[in-house]
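Have a look at these structures, which come just after this line.
Presented sequentially are two complexes of subunit A, the first with subunit B as partner and the second with subunit C.
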Partner chain A sequence: MKRLALFANQGATSSRLVGVLLLTLLTLAITFVLPPVADSQLASGAAISIVVLGLSWLIGWSGQISLGNSGFMAVGAYATGIWAHHHASSPIIFTFVLAMAVGAFSGLIIAIPSTRLRGPYLAGMTLAFSAAIAPLAQNYTSITGGEGGLFFNTLTTPHWFLNLFSGQNATIDANAQWTADLAVVVAGVTFFFMANLFHSHTGRAMRLVRDNDVAAELVGVNLPRTRTLAFVVAAAFAGLGGSLYALINATVTPSTFPLTLSITLLTLMVLGGIGTLSGAVIGGIIYAFSSNLVGHINSLTGINPTSNLGANMQGIIFGILLILTMLFTPRGIAGLGPRFGRLVANRRRVAPLATGE
Partner chain B sequence: MSQFLSSPIMHNIFAGLAQGVIYSLVALSLVIIWQSTHVLNFAQGAMAMFASYVGMTEIDRGLNYWLCLVLSIFVGLLFGGFTERVLIRPLYGKPEINAIVVTVGFLGVLEAVAQAVWTSTTRNIATPLSQIYFHNQGRLVLLSPFVIFQFALAIVIMLFVAGLFRFTDLGLQLRASALAPEVARLLGVRVNRMLTIGWMLSAAVGTVAATIVASGSFGLYPSDMDGILIAGFIAAVVGGLESPVGAVIGGLLIGLAEQFILSYWSADLAPLGGIILLVVVLMLRPQGLFTKSVSRRV
Partner chain C sequence: MSGGPSSEATAELVDVTVRFGGLLALDRISFDVQANEIVGLIGPNGAGKTTAFNVICGFQKPDSGTVRFPALGRTALKPSQLCAAGVARTLQGVGLFVNMSVLENVMAGAQGHVGRGFASSLFGLPAGRRHELALRDHAMVQLERLGIAQFASSLPGSIPYGISKKVSLARALMGNPSLLMLDEPASGLDESELDELAQLIVELRESMSVLLVEHNMDFVMPLVHRLVVLNFGEVIATGAPSTIRTNPDVLAAYLGVDP
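Coming up: the complex of A and B.
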């Protein structure tokens, strides 16, 4: 019996691997077609999708709400900046591991008081944490560069990749695409890891804790440890995403990760679909190309993009979308597919009611 | 005596309390809706900011400062009722996260709209009360007519809220709807209407805080309530989220903590005062300073 279960699990793992691999390869192929500007946008989108995935895991699977993931991003980004300052030539993988570790550690520090809290208390506590990052960065100038922040340029495109390009802007094109490819590969690895985590023993325990913590405790789940673990994983993902984000922009300042970024992350997660891999992918894509979309809307409605209204269209649209999604389709875009499927199936039999809708 | 009022420690206490009453008002407004609807409104600060923009910018059209103040509070009342009816009512009985997400979204919309309409430049609202600090026998005392008005206004609002809840028929209905909505409904209380009134009241109290902020030295700008909301939230949690008195005391404590950090440690780190207080309180007394211990229902 045990052996059978093990085999079944292996089959699922390999199918997840194939799924994530195909999506990663497809995205890599797309980066060859896209212009350099779109490649840069895609790179940011991939970085953000990692953070959204961590948040999605925390909120969707463990039922804990965090408005502080922009704070964990900032921690990862500063760790990257400080490391890059002193060890510019170290392999990039070290930077990522370091950013994840520092992010996870800060998550642990926050989780210790926070996992005693629930719902709105927790949301407020994490919000306070993310608001504390900027004052800290401004105060400890010698480490963080203060108001001006840190600048670093550590993403070097290898020669073989440069040689693939020719023409006038070969270097710029190659750099933009190399950054995008790197971000996509890192995102692919984290998505594969999370796909497995979703279906692991820990993932199932997490869902039980979310739905009924008393029952979870009765069957032997250690509640504080499970909740803390969820936080630490989400913080590590945010740290990695923040590190990538900082590397792409080659800078980190106290204002890189404002309060509004936490709102944006939440919006992307809810729009995409809470607790799903596809939701995080959709969230990343929306982030990457939202400026194009908003520009399009501005030109359709005849709003001057440099006017006050045009400049704030993105905030207005994101906020309204967040509210409408939560009121009418709390499962987000990723939940629309199954919903449509159910509508079709309903013609034949009565489908069970979904929770939360 | 005059020496005492001008001592560094009294400087810090006056400045800390002046900031603290703003936090207290925001914390009080959060507690009012938490008690009745169990929603923590992340848009509370932004709603108050928006209402104070609508009211206080009327000063440009020659309206009297005091009328602007009253107008802001009135707009706050309407705004609170509207929010509860349109955005919050569909969410009762849904998971907690839904209300959090919706109020966070509302915060985003309000700040973006405020920036679009009034731009992000700071406006200074001219007050009829002097903001110049008093001198007592040649020594500076960190109190001005405006700061004294600020204290007086906050105390009046707090007493009004306390009196309303304790001594009036409406207050009794509000408390009944919060404590036992089903029983209250059976006894003829219009619970839904009470929830709307609770939100209106809360938004008005928040707006009073926002008008004080707008009239003070920092002025009025679209994100002026962000940090204040966080401090107000911490104050409410420190007080236990169920206790209006706790919220007020929590707000004053955070104001003092920030001021003392600013004076004796670092101006940049002043916003950490509330967080340090929060972590200490959560470690020692997770249910808050002023609540009777109540176990969560399963």
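Coming up: the complex of A and C.
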């Protein structure tokens, strides 16, 4: 019995595929009913959830902290922009693969010195990387377009999709939804791959290193290689997320991926739940619709959205949410489910006693 | 036994010296572990027992001298190469992976053996999954062998100390080692657990060599074939327990009497 439960826990590749597929289809269905603005928000949320998932893997599974993931996003986004400039008509999948490869490569460059560092020193190193990206982009004007950035319009909605829509705002509706659907599908594919990694030999190597590096080495884990691999995967995910983010907004500038975005990513990861797929989904949703919440609170309290306080409302809300999460559910919102389940299970177990059985 | 041909030795240290700054931690020590032999490494605190272990495991590079594994056909190994080469070591205390179940801890013991690549992990290929399931079965067998299968899904923090030590032993055995290195396996165990452990080590010796560091003399004396006694980084005696017991140098080291 117990053995059976453990096997079920492991989960076959096919069951992971079905799970991710169902969630993707559900989200795709939702995009049909959402207004165009919400679809655009959802698209950004899907892009961010990919980055959050990569960060969750890095921190939650391999135990390494990174404040540089906005930098990896920027690398993926600039690769996308530069590629779009020269090969505007190439299939979008090439763009994604390129962004992942360039992101992974930048991750490798950062990881090689970083694997010698721990804790705050590692955080500092990655922070320096993400801080360096904007000045680099500002300086190499011929490649990056300098302060003004790059503009590209690579995401063209296919005709068959446009034909699904009719009416006055057909093109706007269709474009917004096509963007959202594309982002959701890309996110679905990456979530499937990460689910596989979580339950694999590689995933276990990460957790061994995180829990006890001396013992991990003794069972045959190559520490530098494993730590580097964790970084490369996280950076590839961030590169892809950055690429998608840039495609959605059709632009990338030095200020698209500020240092504060790295902190926001960290916050979203903690709010959702470290090291879980559902946590990254929740983080993406929070990101997508946080501006609605901010607008709502500003109008409720009568704070001028353009004032100093109003403009920083998102940071304030995230900060409060973060404190509440740390206090009441350290495993994030995704951790509430299992906790609730245990609560119900305990009550059931106690119930027969109360009824005198 | 001590003078046996070195080509048969599972592990062998020759004139190993380790210095920590001005401190001479190991001073040209030599000893070996023959196939299917149980060797005890003993000595007062600070004698260099753990340093000797670390040298064998590649955690500590000797300043001079060599480490060899003639029976395994290997010379100095890095820690991450030990598992695949057939050397397993338990850590002082327990050294388990605290956020992973007992079963996963034991599965981890064969981490260095498997050659499933990153692509297999990423795409969730069937071969990788079959391999994981086989590993899981093998780990369950190890747990059952040690009589702790009922703790398979527990976390290390929630099980008694004696069970934790068995888990770390099960993890070491996962790799089917030719040389099993135990760092203070008896510490913290009660009488019945000690008897059980001694019996297990005698059984294991049929298929591997065992090298252990231990303070508990009542446990070590009847168990080992040979003792290597360290004091202040030097091997002061080597031999069967019966001869070591009456060796004046050893008595002096332990009791502080001048020889």
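We take it that the second predicted complex is superposed on the first by the 327 of 357 C-alpha atoms of A that agree within 3 Å, B and C clash if a C-alpha of one lies under 4 Å from a C-alpha of the other, contacts with A are read in each partner's own complex, and residues count from 1 in each chain.
Here is the rule we go by: a residue touches a chain if its C-beta (ideal position, glycine included) is under 8 Å from a C-beta of that chain, and two chains touch if they have at least 3 such contacts.
Note that the coordinates shown come from a computational prediction; the quantities given were computed from them, not determined experimentally.
Student: Judging by the criteria at the top, classify the pair subunit B and subunit C on subunit A as clash or fit.
Tutor: Verdict on subunit A: subunit B and subunit C fit.
Student: Which chain, subunit B or subunit C, is in touch with more residues of subunit A?
Tutor: Residues of subunit A touched, subunit B against subunit C: more for B.
Student: Name the contact category of A:L229: first (subunit B only), second (subunit C only), both, or neither.
Tutor: second
Student: Please indicate which partner A:N292 is in contact with in the superposed arrangement: first for subunit B, second for subunit C, both, or neither.
Tutor: Once the two structures are laid over each other on A, A:N292 reaches no partner at all.
Student: With both complexes superposed on chain A, which partner does A:S90 reach: first (subunit B), second (subunit C), both or neither?
Tutor: neither
Student: Is A:V270 touching anything from subunit B or subunit C once the two structures are fitted on A? First, second, both or neither.
Tutor: first
Student: Report for A:N196: first if it touches subunit B alone, second if subunit C alone, otherwise both or neither.
Tutor: Only subunit C is touched by A:N196; subunit B is not.
Student: Draw lines from the C-alpha centre of subunit A to the C-alpha centres of subunit B and subunit C: what angle do they form, to the nearest 10°?
Tutor: It works out to roughly 80 degrees.
Student: For A:L309, using the defined touch cut-off, is the partner it touches subunit B, subunit C, both, or neither? Pick first, second, both or neither.
Tutor: The first partner, subunit B, only.
Student: Which holds for A:V214: it touches subunit B only (first), subunit C only (second), both, or neither?
Tutor: Both subunit B and subunit C are touched by A:V214.
Student: Superposed on chain A, how close does subunit B come to subunit C by Cα atoms? Whole Å, please.
Tutor: Comparing every C-alpha of subunit B with every C-alpha of subunit C, the smallest gap is 9 Å.
Student: After overlaying the two complexes on chain A, where does the subunit B footprint on subunit A coincide with the subunit C footprint?
Tutor: On subunit A, the residues that contact subunit B in one structure and subunit C in the other are 214.
Student: Applying the document's contact rule, which stretches of subunit A touch subunit C when the two form their complex?
Tutor: Within the complex, subunit A touches subunit C at residues 2-3, 5-7, 10, 12-13, 16-17, 193, 195-197, 199-205, 207-208, 210-212, 214-223, 229.
Student: Could you please specify the touching residues of subunit A with respect to subunit B in the complex?
Tutor: Result: residues 59, 63, 65, 67, 113, 116-121, 123-125, 127-129, 131-132, 135-136, 138-139, 214, 259-260, 263, 266-267, 270, 308-309, 311-316, 318-323, 326-327, 330, 356 of subunit A touch subunit B.
Student: For subunit B, which residues count as touching subunit A in their complex?
Tutor: So the residues of subunit B in touch with subunit A come to 34, 39-40, 42, 87, 90-91, 94-98, 100-102, 104-113, 115-117, 119, 223, 226-227, 230, 233-234, 237, 241, 266, 268-272, 274-275, 278-279, 282-283, 286, 296, 298.
Student: Which positions of subunit C touch subunit A when the two form their complex?
Tutor: Listed in rising order, the residues are 57, 59, 79-84, 88-89, 91, 95-100, 103-104, 107-114, 116, 118, 120-126, 128-129, 131-133, 136, 140, 150, 152-153, 171, 174-175.
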